[in-house]
Structure formats: C-alpha cells, structure tokens
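Per-chain numbering from 1; labels A, B, C and D assigned in written order.
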Amino acid sequence: MANTFSIEEENVSRVEGHGDLVLDVKNKKIEKLQFRIPESPRFFEAMLVGRKWDTPSHITSRICGICSVAHTYASIKATEAAMGINNINDQILKLRKLIFHHECVQSNVLHVYFLAAPDFFGVGSAISLVDSHPEVVNIALRVKKMANDMVRIIGGRAVHPIRTVVGGFTKLPTIQEMHQMKEMLQAAYPDLENSLEVLKTLDIPDFERETEYISISDPVDYALYDGNIKSTDGWEIDDQDYLDKINEKVVKHSTGKHSWASRDAYLVGALARFNNNYDQLSDNAKQYAEELGLKPLNYNPFMNNIAQFVEIVHSVDDSIKLIDELLEEGLDEDKAIVDVKPKAGRGVGVVEAPRGLLIHDYTYDDEGKVEKANLIIPTNQNYANIEKDLEEMVPQIIDKSEDEIKLACEMLIRAYDPCISCSTHFLNVKLVNK
Amino acid sequence: MQYKILKKNKYQDFVKGLIEDYNFIGPTKKDKSVHDFVPLNSIEELDTNYLKTTIPPAKKILFPPNEKLIEYEIGDEIKVKPVIESSETVLFGINAWDINGMNFLDKFFSKDFVDENYWDKRDKLTVIGMDTEPTENNFALSMDTEYATDGFDLYLHDLGDRYFVRVNTPKGNELVEKYVDFDDASENDFKDFDKYMDDYRAQFSNKVNIKSFYDNFEMIYNDEEFWKKIAKNCFSCGSCNLVCPTCFCFNVKDDLKLDLKTGEKTREWDSCMIPEYGLVAGGHNFRPNKENRLKQRYRCKLKTYFDKFGQYACVGCGRCIEACLAKINIAEDINSVKKEVNV
Amino acid sequence: MSKPKVGVFGFTGCGGCQLEILNLEDQLLDLVSAVDIVHFREAITEYSDDYDIALVEGSVTTKHGVERIEKIGDIAKIIVAVGACACTGGLNCLKNLYGLEKAKDLVYGDKKDWIDTIETKPIDKYVKVDYMARGCPPNRFEIVDVIRSLILGRKPEIPNYPVCVECKRNGNTCVYELGMTCLGPITRAGCDSRCPNSVSGCEGCRGIIDNPNVNAQKDVLEEYGLTVEDIMENFNLYNACKKIEQK
Amino acid sequence: MTIEAKEKEKDSIYKPFIATIKGIKELSSTEKQFDIQIDDKETREAFNFKPGQFVELTVFGLGEAPFSIPSSPNNKDYFELCIRNVGNVSGALHKMKEGDKVGIRGPFGKGHFPYEEMKDNNVVIVAGGLGMAPVRSLIKYVLENRDDYKRVIIIYGSINPDYLLYKDELEEWQKRDDVEVRLTVDEPCEGWQGEVGVCTNLIPGIDCPVDESYVVVCGPPVMYKFVIKELEKKCFKPEKVFLSLERRMECGVGKCNHCHIGDKMTCVDGPVFSLWEIRNLKEAI
C-alpha cells in the first residue's frame, strides 16, 4: 500500500513522449496531478496563413493520420461556409457521410480491439493478443480492412483521402464499387455479433463522474458530418457560433491547449455523441447498446469503448442505407463537384472526429487566401476533463497497489482515446516512492 | 475475305448477342476527353464514336501493364508454375491503326521465341474492327495503317444506313451466321464502300514523309545538335512509350511474399526513355542522356522493325504526341529530317 | 535467416505512416512473424533499445528530437525513413517558410516561450539514412517491400522515374488535359500515381526525381496558361525544405 | 482428356528449371565460381550450349540476371558460372552454399564464338577482367580439341594480380608450349612477372598472319573502343574479330528490349558479334 508516491514518466525529454502523466501523492492526498502533452508543436494555424482556398484541407489532413477524413471535412466545410457555397447536392452529402462513417469505424476498431482490448485481456499489446486471442485479432483485422477499403474506394486512399475536395469529389466510385462496398458491409455482421459476445465478458471499471458532454447533433442523423453543437448541460447552438460557448487556453505543462464550456471541463467523443444522440442510432445499434448495458446518460468514461463499438454497428447499418439510396438515385459524375468562386469571408466547419468535436475556423481574403485560422481539436478538449477524472478516481483507489493505480490511470486515459500514440505508450511510467 | 452487309436495324441485336455470350470489351466514355476499352455488360455503355483512348486496347488486353509470369513456392523443393491466363474475349470497336499495332505485336511476340503469355490471349481474342475519326495528330494514312488487311475477324465500316462488313476468318464467319442475318454485298455496296474509304482517307490531314526519314536516318544519326534540339524539353517520363500501341519494353520483378515462402515474377511496362533503362551493374549507363534515348526510340519505331518485319513500329496513331507534355512531336520530327538533310 | 529486430519510431508527423503499417491488413500477421517488432509506440507497450532496423516517421522539429534521432543513429544498423516528413521534411517545412518566431506568435501568442521548437529538418540531416519509403502517406506496399528486401538482404527497388510512368500504366487521362496542374513529371514514382488515379494533380509528396527537367516543367505550365507561382504553391507543400536547383 | 493432360503446363519462356549448386570456389576477392547441375536428368542432357552463350539465373525472391557460361561445352554433367558480386542476385549467390537451389533458363544467344569456323586458324583471345568468363569456355574447347587449331594466343589483363581469374589454369596454360599466354596488370605487386599496363598495349605485338587468325574480345565496356582501334591498325579482318557485349537484360529471349543495340538485340542476336556487324551498329561501343 502506498500512501506517498509519485508517478512520473521517465526522462520525459529523452524517451519519446506524446503524452504523460505526473502524479504526486502525499499521505493519500494528491499534491500534483498533471496530464501533459509534450508533443512537438506543429504550427498548423501558422502554416495555413496565405494558402489558397483549395489547399487547407490537404494540409490539415496531415494533423492526424487517424482522423484525416475529419480534418479534411472540418476544413472543407469551413472553406465552403466562407465562400458561401450552399448548393452541395444530396449525392455529395451522402458520399461524405459514408466516408465519415468509415473513418469512425477505422478508428473505433483500432481503439476498441487493439488499444483497449489488450488491457482487458491483461496482455501487453495487440501483438501479444495475436497469440492469446487470435480470433479477436482476426475479427479486428477484417472489420478494419472493411473500413479501410470503404475509405479507399470513396476517398482514393485509406489515410489522407485524395478525392475529397472543396465543392465535392474529384471522382466518384463506380456502380460496381458501390455494390462491392455493400457486400463488404453485410459481411461484417457475423464479426460484430461475435464481438458482442466477447465484449459482454469484459469487466469494465465502475467509475462515474458527472460532467458536461458536448457533440454535434442533428434531428435525423446520428450526427458525425453535420449538425448543431449540443451539450448534455442543456444548451444547443449553431455550429458557426461555437465561440459563444467553447473557450480555450494555453497551459504551461502542455503543448495542447485546454478547453472549457459551461463548467471547468467537458468531454467529447463517442460517449458524448451517444449521450446526446442516442435516439438517432439504428435499432440494431440500440439493441447492441442495451445488451452491453449502455444507456444514456452514462457518466462512466470507461464506457467510451462500448459506445465506440455501438457506433461501429450504427455505421454499418447506416452505410448500407446510404448506399441503397445512392444506388437507387444513380450516380451522376456531372454532379460530383459544384463550382467554387473564391471570395473573402469567414467560415466555421464543425464535425465529429472519431475522438470528438473538431472545429476549423478560417478567414479568407478577396483572393481566396487564408488570413487567419483557428483549429480546436478533440484531444485538446478532453485534457482538462481527464485531469478532473483522475483527481476524482485516484483517491477512490488509493489503497490499491501502485501497479494497480498506475494501470487504472492508464486505462482511464486510454478510454478517452486521446490519440493512438499517447494512448499506448504513455504506459511506460516509472514509479518513485517518496 | 468475304464481304457482307449488316443492316443498321440488326446491329443492336448482333451486339447484344455478343455481349450476352462473350467477355465483351468495347469503348465507353471515360471522361470529357477520352474513351477507354473496358468489359461491358450492356449495349448502353458502348460508345463506338470515339476520338481517342489513352492506352491502346489491344496492347492493354494482350500485354497488360502488369502481368504475372510465374509463381513459385519455396519449400524442401522449389516449385515453379507458369501463369498463363486467358479467356475467350471479343474486342469490339477497335480501329484500323490499333489493329495494325496489334499485328506488329503479333510478329514481335513470335519472333525468335514465342511468348505464350501474349499468344494464349491473342488466340482467344475475337477482333471486330470499326473505323473512328482520326485526331489532328493522327498520321496513320502516311504510315499505311488507316486500313487493316489482317489481324481481325470482322470489320464493320459504317456506310450510313448499313455496315459494310469484311469477314476475314472462319471465326468471323461463325459470328456472322450466329445472331442476325447478314446480306451478301452487292456491286453497289462495293461502290459505296470505295467511295466511303476515299472520304475516310480524306479526313487524315496530318501527313509525314516517312520514306525520307527512313532513307536519311543514318545520315542525321550523328548530328548531335539536331537530337539535342528536339529532345530539349523531354522529361524522360516515358509517357510516349507507355501509350504507344507497339511499344513492348518491360521489366521483370521478383516478389517474394512476406510469408517468405511463396512468390511470383511479374513483368511491367518499362520505357526506353527512362534513364535507368540502359544502366548495368558497375554503374555504366549505355544511354545516359535524353537525346540518345530519343534517337534510339525513333530508330526502333521507324527503322529497326521495318528492316526486320517490313512494318514500322509506329502506326501513326498520334498518341505519343498527345501524351507528351514537352510537346515532342514524332510527326514533325519525321518531317524535319527532310529539311535538315536538304540544307 | 535470423529474424531482424525492428523498431518503429515517430517524430513530428501525423502518425499516418505508422497507421499505414497497421493498415497492411492481410499482410500484417506475416509481417509480425517475419520480423521481431521490438519497439512500436502506436501498437505495442513493450519497448527495447536493441534493434537492427529503425523505421523512422516524422521530421525533427525540437531539440529533444535531435537527441532522440542521434541515439537511434547510434543503435540502428539500418535506418529507413518512412514518409514525407522523415524523407524530405514534408509539410512540417511550411513552418520554416514563415520563420519560427512568427509561427510561434501566431499560434501561442504571449505564451510562445513555453514551446520547444527548432527549424524543421528531414532526418537525414542528422543521421545516415539507408533507404526511404517516401510519400504522404507512404505506399504501404512499398514499406513491405523495404522490410522484405532488408530481410532478404537486397536493395529495395525504389523508382527514380517520374509519376507519369505509373500514371500512364494506369491508363489515366492526364490531368493537364482536364485543366489541372500536376507535379507528376518531376516527382518520384512509387505511389502507383494515386492522385492522378483520383483525378487530382500530383502534389509532389514523394519528392523530386534525381534529374528533373525543371525548365520543361515551366514551359509546360506556360503552355497551359499557368505560372511558376501556381505550381510553387503546390511544390512547397511537401518540398519546402528542398530548393530545386534552377538548371 | 485425362486430368494430367489438361493440366499439362503451357510452355513459358519465362519459366526457369531448378538446378542445384554442386560446388563453390573462390576465384578472387570479388568473384566466385559456381558449379551448377540441373536437377531434371532429361533437361540436363538436353542442355547443350556453345562457347559464348549465357544463361539467365534466378535466385528466388531476389531476381534474375544473365551470366555467361565459362566452362567447356563438353562437360555434360554440370556447367560452371563465374560471378562477380555486384548487386542483388550476384550478392545473394555469393552468400549461398553447396546444395542450394537456383533457377536456370537458357542457354541463350544465337551469337556465340564461331568455334567451328575458327578451325585451322590462329586463335587470339583478348580479355579484360571479368571478360575472361565468357571466353574461357572457348579456350577450354579449343584446348580440348587442340589439334584443330593453329596458334593459341591469350592476352589477359586486369587491375592487379589478385583480380586475375582462374590463376591455376593460367599457370597451367603458361606451362604448355602450345599456348601463348600474356598477362598484364595495371597495378603490379611485388614479384609480378608479367607486363604492366592495359591489355591494349599487347595487341601490336601479336605476330600471326591476319588472314588466318580469329580474334575474340571480351571485357569491361570502356575497353572495346581501344582494343578495336589497335586491332584495326593491325588490319585484322573485321569478319574474323568477335566481341562479346554486355547490356542490361530482363528476359534473355528478345522481348524486354533492354539490350537493344541499334537494330540488334544482344540477347538473341548476340551476345557475341563480329566486328563487321558492330561497325554498322551505332552505339555498340
């Protein structure tokens, strides 16, 4: 039993670290708790200044390989809003929603099966999982391949899509590819069912902390691509007015900025979407949620993984629906893209990245070059909330062994899915008793 | 050769029959500037009224850009299996110069050694030709390739209200008898056909003096200034070779899978305009600069194979002219030789 | 053949390259059994400093990064730069165009002194790089090819011809004909001409070939009514760290 | 039709047959000799090659490369290869051991040394470096049928004595009184008995009547130009001078076209050409 200890990443400056935790406990009381991101700052907001309107989506896609589609669209939507483009047709919208679903699936699969599952099964990594639970790995690889292929077909490649541009698509999938996608989606159901059985057996830590959940929301769709910004604290605003509620500050211990809205911290991501938009989930997804004991409003951050899985189910269902509609209407290459005339103005693009609310805000000059850019990324928004959760959780488990405390902290942070880099390696922390 | 007439009102049924029964490859609109030959499932997708295709259909089918040659398995023994894949296919709507390009490849792939990967597909290919409008860069007329005398099974010439059909093979004859009734060609039909060919030939405005180039090639061969001038803007990107219906260079790759047990050898189109083309171990490059490479390309196209087969390895389709971003123009260059030599 | 020990390392980048390795799907399990992955932050917890081959993603943009890459240089027998950021500096180099101070000002305002950042450089400015799997993101099959080649002890075949070659093999319509610009004629192939396949001009993410005909590229642009500035905007996306010699 | 008959493989000119490395011998710091035996007995017996021809050798997983056959065509059991370690295939071969398997296609090359035609003539061999490999097959053949030929003169040059290939055979030949061997190196070491300088220097000293002499030349690309100049000065008959050329080859069967020299293909029309042919072949040397 440890009353006084500190957990600190070993040699922060030498081992590569994207995120680490500093936890200092004296006599069962937290002296210092900081979750920090010593990730190299990348200056995207600066890189964008002066660029022509058709490049920001390509540049911002490179903020994160796992959420490249989300960044692409936050960017495209911001630009389209600034240029006053309001004639994006149904075909484009549906294809955008389709590709969005599958980035979400790509990322959720990675997170549920490769990053969180090893913890629950008590093995060190997905590679060890290959030996201990080959069936789980195979399911994960198959579902991931399906999602990757979907993004490849619609976007031209699995990471940093090519065809997705301001105004629409440079090229549409063929009818044959649409059918192929549908078949792939249908083939995923058995894997989802098997996963359900596996997930039911998991022992999910029982920890709750009431907080604010923010996501976008739409009356019809389970919103990923478009919607108003909505909070479990009862407010809802137009996405262009995000500044009315969302605040950001630079904190010294981290290169990621911290955010707050109605209270001192809030949470974004799958669980936030689930809590705000439960009604719009497909029936099938609701069924899965019920079997896994997930109901809105849920305040257990560990359930984020379950919400992610439920989202995979919804995405598969909704994709089949979208493909059927597109096939019925027929694909029209002439309507693949709408004309864009650059002009001055400001526009905001808000979407749901797999790990939560993502906001791009651009101001353009008359030539259609970026004058100013502001980006609010999901991982940053969660930092403050992660710290608050840890502050509450650590005292509850303070009587456990240091290893157990460490693991619990890691699992909690991983549950947030901050970004794959931080969510795995963060684990190499060193414990020094004081 | 037999000559038949296909009435326009029977054309649809004829084509539908073919689509039904065969792996049917025909031209379809790809985007605003080009068509492409792809497997078609319905007559609606077929559009024989095309101006250009980037990649020549016959070459794409018979000698694909990437082709597996052998598969192997490494175990206690090494097992090697040749991969020769093909199926009965109808190639519909290919024009005369592309047929002549294929005729060239036929000769090439059977000279010295018979390339089964090519021939197996060729044997199973039924070729149905049709004339198409030449682009402004097309100089097929000067190269004697605007009319095909061989290499097809059927050739359909559009006389307006009917097709004049040349039946070149027993296979072609089978098709003529299979779906709809073809009529025998009458004297009148022949007359109309002759007139049609005259009009068709009149559409070819780009003319080259190939004879003069052939005769003078050795004389300008050492004229470095000449070659430097025409190769100046060359990107060494190989586009000219890759779109050409008669180019056949390839590289062979050996790919062992990550399981380190099974593997395959594949060939992929290469180009003699790429610097690495003539590089050998030890770092010696036999054709280090672009003017050397261009010169060799012209030799190969316009001399070597005329000497070997009596046919130029250029059918005058003009694709390379359109594909070249540096605006290197084989037709102009053929003609400029005469000027150079005359000076 | 003993299994080579492989470490995968990330520097400043988006993680997309490492993701492309995970995206190997059908081949991932073969990869895991063909080599010993001893270090891979994005996928495994365990790590070790004993490796033969280092696959390095990302560019060096911090002082701490310099220390790390130099350490990898000391340990690894073979270093493979993976992705545009590691090979050419990639998109991160745009920061250099603005100047460090201005960039810090813009993003972090008066808090800018808290930030550790230096001029962006590709990793070969600090260590000897044996092979490069270029691109943003790199072609995952090329990554496999490099790894497989290293296992077999052969030199990976990384083309030195331009993207046009692959573009033509794929039978694409040249995007210039469709009114767009393309860096294909001077960019190193190996991506299977992904962007032109999707009817978009190549942005040069794989870097420039050894002997680009830059003058001809300018002539082409003029022909199509474009200026060098038009293409420089594109060119700088991935190649701001490299200056084209004007031959 | 029986299943076997149906599945009977189509002939592919790209399919190698499997062979085993029976012996390995180090020839110099960069070259090794490999004794290659074709596994299938029937194929082995049908494998008849002529001096100057080459095979395409596959190391599975690494690729294929052309190599001349330096051994005597009279040896039916196995043939030898002499391989310099320069890259992927050759490097992998150098790491292989006895009993390892490789793939072989060939023999290829219509153009070989005209050993029949040469009978009753003097034979002059000019080799540089690795160029000894292709001509050795001819030397072996000529010495095995020594009575059919007149004088045999071997001029062989290399960078330094270590790089001379087949040293023991050279010594043996030097001892014979029916072979005239002249060795030369660029960088002599202590105790070097032969000449110093490039092998071109030794051509003026050739003293056999040109009408009754065949000359065979093989060496690195840079060597040819100078050798030919010297041979022409001595008025050797171009139709009686033969050169073995090297080009990049991907197929060996006249399809990939990489080995084109002017109107000829090195693989099927060569690799051995007469000076007569080459004089009209631009780019050959």
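What we mean here is this: a contact is a pair of C-beta atoms (placed from the backbone, for glycine too) under 8 Å apart; a residue touches a chain by one contact, two chains touch by 3 or more.
Since this is a predicted model, take the numbers as computed values, not measurements.
Engineer: Of all the chains shown, whose C-alpha centre falls nearest the centre of every protein C-alpha atom combined?
Structural biologist: Looking at where each chain's C-alpha mean falls, the closest to the middle is C.
Engineer: Compared with subunit B, which chain's mean CA position is the farthest off?
Structural biologist: It is A.
Engineer: Using CA atom averages as chain centres, what separation in Å is found between subunit C and subunit D?
Structural biologist: From the centre of subunit C to the centre of subunit D is 43 Å.
Engineer: Starting from the mean Cα coordinates of subunit A and subunit D, work out the distance between those two points in Å.
Structural biologist: Subunit A and subunit D have C-alpha centres separated by 65 Å.
Engineer: Starting from the mean Cα coordinates of subunit A and subunit B, work out the distance between those two points in Å.
Structural biologist: Computed value for the inter-centroid distance: 51 Å.
Engineer: If you average the CA atoms of subunit A and of subunit C, how far apart do the two points sit, in angstrom?
Structural biologist: Computed from C-alpha means, the inter-chain centre distance equals 25 Å.
Engineer: Send over the residues of subunit B in touch with two or more other chains.
Structural biologist: Residues 31, 253, 256, 260 of subunit B each touch two or more of the other chains.
Engineer: Can you list the subunit A residues in contact with two or more other chains?
Structural biologist: In subunit A, nothing touches at least two other chains.
Engineer: So which stretches of subunit C touch two or more other chains?
Structural biologist: Within subunit C, residues 152, 199 contact more than one other chain.
Engineer: Line, ring, star, complete or other: which describes how these chains touch one another?
Structural biologist: Shape = other; not a path, cycle, star or full graph.
Engineer: Output every touching chain pair, sorted by label.
Structural biologist: The complete list of chain pairs in contact reads A-C, B-C, B-D, C-D.
Engineer: Which residues of subunit A touch subunit C once you look at their complex with the stated criterion?
Structural biologist: 13-14, 16, 18, 38, 40-47, 49, 51-52, 55, 58-59, 62-66, 68, 110, 114, 118, 124-128, 130, 137, 141, 144-145, 148, 156-160, 162-163, 165, 170-171, 250, 252, 255, 419-421, 424-425, 427-428
Engineer: Under the stated contact criterion, what part of subunit C meets subunit B in this complex?
Structural biologist: Its residues touching subunit B are 1, 27, 30-31, 34, 144, 147-148, 151-152, 157, 160-162, 164-165, 168-174, 176-178, 184-186, 199, 211-213, 215-217, 219-220, 223.
Engineer: State the interface residues of subunit C toward subunit A in the complex, per the touch definition above.
Structural biologist: 9-20, 22-23, 25-26, 28-29, 32, 37, 41-47, 61-62, 64-65, 67-68, 71, 90-92, 94-95, 98, 102-104, 106-109, 111, 114-117, 136-137, 194-195, 197-200, 203, 233-234, 237
Engineer: Which residues of subunit B touch subunit C in their complex?
Structural biologist: The contact residues of subunit B facing subunit C are 30-34, 36, 54-55, 60, 65-66, 232-239, 242-243, 253, 256-260, 268-269, 271, 274-276, 323, 325-327.
Engineer: What does subunit B use to touch subunit D in their complex?
Structural biologist: 69-70, 72, 74, 77-78, 80-82, 84, 108-109, 111-117, 120, 221, 248-254, 256, 260, 263, 265, 267, 270, 272, 277-282, 284, 286-287, 292, 296, 299-300, 303-304, 307-308
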